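First the structure, which I've put down as structure tokens, then a few questions once you've had a look.
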């Protein structure tokens, strides 16, 4: 090989029959590894589904490159740059919100398509013209939560959330959605590192809310629920929270049956064609399988309509409606929000055996977040 | 009579070779710098070592990150290896650089050069202020006070006051106001050169300072602080100077890192980062000119590349009891440290002296 | 003399960090009395003693043989040697600064023998009085007393003592010399000492080291009487020996 | 009033947990002079071993005597791992503090990754007796039983450690050994054995903390040890390195401070106060509350 | 030149140094003797500022320096050696002395100069090493020196600082008999006409007798006597408490 070249070379996309390079940057290791695993399983099932088992769009093969970001935005940015340098025009993945937020601008700067994965942060919606999302966002969770209290006017709602951006976003969304509907919203915040929750449980109890919205992620969640239960919070009010992956269900213990869950997805929440196809591939479907599945569908659509032209891909995705695992999905052209069904669920069971059942489902329009201004 | 025995006879290498080497030696860093600077013109493919050819953006990006950490480790060594101060809070000044630049550019809309200048000045002042307090303690207590300060920094970043830092999600850098030469994948090479310049600057400064009269005092402080006092020098002042300088260099590293990864994320505030700095320095060889640099580069390289290693086919084809742990990058990284301690005591740079007898033996042949 | 030596050192070589510090040192320690090891600063006296008790630093390398009776010492760990009756008083005292005097002594008690506290306290009453003081705050001389006292607490088969009178007041030097003299009646002592007055009083045999090698062995009193010999070996005229 | 009692008692429960983690750390740190970053790993080993035993070990279970057996197994496993670590990794490195830090950091990374590789990153429900999930009403406050269990365990461990240090020679040997290992051997003592023992005890204490922490949190996950470790370190330092009693005082101070500030102040202020407490204590008394040497 | 007024240092009830008054004239050589634990080293620590006295004052050139930290006193020309050698173990012997020279000459806070380029410092350092007979060990790491060699280095460090008042704490302890006369000569050359004053603790009586103009005797923290060598040696208390029967 020659050993000389320009420092600003980047490979360019191939011709007609050349494979389409798709880069997936997600967590294979690190704290979100199990989310990442579901995502990639879902993606592969979705690719199979959308290409009817051929793995090809037209006669072009979809060539996947998977890169582990270990949840670290710096690693993800490096990986994205590497992929882009090698001529990749489509990047997906981002299990963590921080990763999604930092990869999105890279996509815009280099004019490649970025389809964010399970990352729930609202800020990905409308981040820029090249950024799409294949999962739900916090706002949709909150809208679903609102559906539990019917008429919100005059009701007292408390948000219990972690310090930091995730908590801020949830608190703001609740204030906008439920507060906007006439409820009186206040919040109790706790440090993400907290291990003892009695002070917060006492504060919540003292507030006597009609609805408690809990936004909590991480390994301390079981201790938190137990404390809320022990201090009688769960018995005294309606408590709503998001239903996490299956592995976490047993950790709710006895508290599980006392909580009203809003759910992005769980096995059996829908019965679509796509859901069947997915189930056939992965066995038990879990929270983030549908995100990967939808991402694959979007990739196939983008390649079909856009070829190697990213702007055409963007055009093809904007406003696109498709049937996915959860049912009817729609990509809102204004800000690329992914409108999708959401669910109310109940958990039953004991020990390690728990089952979730749908109480009610909301359509994509019912759970739609407000339109945001596209930033770039 | 005593000395003839005690001073080991210098290993007799052919005199000519030695003197030629002596003449060339001072220029080796310069040669290394030039080689590093022209790396991006090479399309050399090193399969297994880098994902793409040397001039591909992915490789350059990885190298840029490695170079920044090489510089960071060299700066930390000014404290740890050369002055003997064990600070567990060095990440704070690096993070101040990263977040300072990001916030000033993204939130306040300052142009890059202003943001960078303000940040570095701010970081140095912060180091001077906190150092002035922390240096009233010594030893483990000093380590813990610095750790506590850094922890406050981490909590402040995570709390996301006024939405300034983006909390755990971090803050992507707004590139609209940046010079276009620093934006976009095709310009990764400029970031690489920037990182290289940073590394060269730190190495130069650290080398210069440790060879200066002040550096001599710092080396003395490492051994015996009381004695320095009795010699008529104020230990506190010298330690504060070293602390401030190291803090300023770390902040400058943060500025460059912010540009390289185009954003800030709370990883950089964690106490683990300081610990990794320590690991880098020890891995390379504390108190040596190139040890910390090599340690930093190697550490970051492993940290980034092991994720690829874990996912590689070679690992996946192993039986589960091997492939499962091996696909955990941290497992491999941790194991590498442990092995490094046993097989390279004194750090990578001690390899040369350890291999020296071998080299001599070979030359004799 | 045809008596079996208690300790015989043969061809002992020590290298530390590439420096050849001892180069084939051989000598014997008689089963009674004091054998003194002499030499200028840095010739390797301390290195010899430390090699015998197995305390050569990690980056050092020891060759040759050291035997006590029929047993080789070099392969055995220090604590076993000491438990078997090899007492060592190090050059820089090495008292445990953070422990009290009493704790320092308690630590030195060996299993199996009853510690002779009365003997030690009779010799150094200071140690009794300062039982609760931290050893690190003792004066230099007091630390030296503690270091010697620690070893005398137990019965020993051989004592290695490195410059025991360094830093002691003249009166205490005399006392320590007396103690060693008495001890040496029952236990042989290998002594490193710079104070030639003490040497003159105690030593029976002498070994003179020079540049990592044995320069002279023989009767100590002979050595000190021969002006020419002392001058060439120790750099001092015998007239100056009397301090 | 009942709020104050509730906060005080749960704060003490938290303090007990901190103390359990810190006691082993303090022992190893203060006596053997090893800044053991792998302590979190011992914690994880204890927790996972207990979790594993409850389901798989004959005679062990999640209730009654079976639970005691499971915890005992976890503690044993923690002690064993600690002994192995000491023998294989730490022993060749005594008096090389920085290398020890490096090895224990490496170990904590590798060990936690290994736990994750084996049992996954997600929290697993922890086997525990039903009563541990319930509350006891004390003066109108519903105090979680798991917290009370922690308090009892902490008091027992404190007593046990004090007895060990006071009534055996080991405390002495180890304190001396930290200053000058060579000299201890030159007094005829096998100092290595004593150090191994300290590690075993430290590991056992950590493992107990892991097991009871599992009961308290209701789950076990690979990273659990690491997150407790920071506070444990703070407790050790505030208390004074190596002073077990100091650690106990410091743990109580930290636990109560966190609990009350979190209730009466704004969130996150608790953590800041703890860090502030650390800084203030160190600046006023650099050797920590209870002096710097290991006086039981 | 150097004087103390009622210098006292107590730990709890015990006075380690008890109400010590003395005066050191320019060019004077004052030997300090006393039993082990009499408080000699402690007195040095009080004078150099490593410890704060409970009562009393330290005067240097008539000025009260009791409140100054050690480095300020050193700047005023107060130098000392330590009883337990405290050299910079990881620096070479030569670097050790250069550091001391540089500390004395000023310019230590120069971050951007090349230290090695300062010929004057190097020359002064080599001269100091030469005087104590350590020149041949210049490149050895100070930490690996044999005991006696460290003692010599201690003195070289002191010489390098060219102090006007020197405090020597048992400089001869552990120095081999052969080297004692040489070191004595070095120390002797320090005083005399140069106007420097010396305070020296030493248990080698012959050395003290050879060098000292006056001898101070400490006992239980207090100054028992401070007089000419002959008078002191004739003192029966000194004989009994300190000298004992000579060997």
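Just so it is clear, A, B, C, D and E label the chains in written order, and each chain counts residues from 1 on its own.
Operating definition for what follows: a contact is a pair of C-beta atoms (placed from the backbone, for glycine too) under 8 Å apart; a residue touches a chain by one contact, two chains touch by 3 or more.
Please read these numbers as outputs of a predicted model, since none were measured by experiment.
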Notebook entry, point to check: What chains, if any, are shared contacts of chain A and chain E?
Noted result: B
Notebook entry, point to check: Fewest touch steps from chain C to chain D?
Noted result: 1
Next item on the list: Report back the single chain whose CA centre is most distant from the CA centre of chain C.
Entry: A
Check: Counting contact pairs per chain pair, which pair wins?
Finding: A-B
Next item on the list: Find the chain most remote from chain E, comparing centres computed as mean CA coordinates.
Entry: A
Note to self: Distance between chain A and chain B based on Cα centroids, please, to the nearest Å.
What the structure shows: 36
Next item on the list: Starting from the mean Cα coordinates of chain B and chain C, work out the distance between those two points in Å.
Entry: 49
Checklist line | Centre distance in Å when chain A and chain C are each reduced to the mean of their C-alpha atoms | finding: 76
Check: If you average the CA atoms of chain B and of chain D, how many Å lie between those two points?
Finding: 32
Note to self: Could you pull out the residues of chain A that touch at least 2 other chains?
What the structure shows: 29, 163, 191
Checklist line | Residues of chain C touching at least two other chains | finding: 40, 42-43
Check: Given the complex with chain A, which residues does chain B contribute to the contact?
Finding: 40-45, 51-53, 55-62, 65, 155, 158-160, 163, 166-170, 172-175, 183-189, 192, 261-263, 265-267, 304, 307-308, 310-311, 327-330
Notebook entry, point to check: Taking the complex as given, what residues does chain B use to touch chain D?
Noted result: 133, 136-141, 144-145, 147-149, 151-152, 155, 159, 271, 275, 278-279, 282-283, 286, 324-325, 327-338, 340-342, 345
Next item on the list: Using the touch definition up top, name the residues of chain E that touch chain C in the complex.
Entry: 33-41, 83-84, 144-149, 151-152, 170, 173-179, 203-206, 241-247
Next item on the list: Provide the residue numbers of chain A that touch chain D in the complex, in ascending order.
Entry: 29-34, 163, 188-191, 193-196, 198-200, 202-203, 219-223, 226-227, 230-232, 245, 247-248, 250-251, 253-254, 352
Checklist line | chain A residues within the chain B interface of the complex | finding: 1-11, 28-29, 66-70, 72-75, 77-79, 81-86, 97-98, 101-102, 104-106, 109-110, 121, 123, 163-166, 168, 191-192
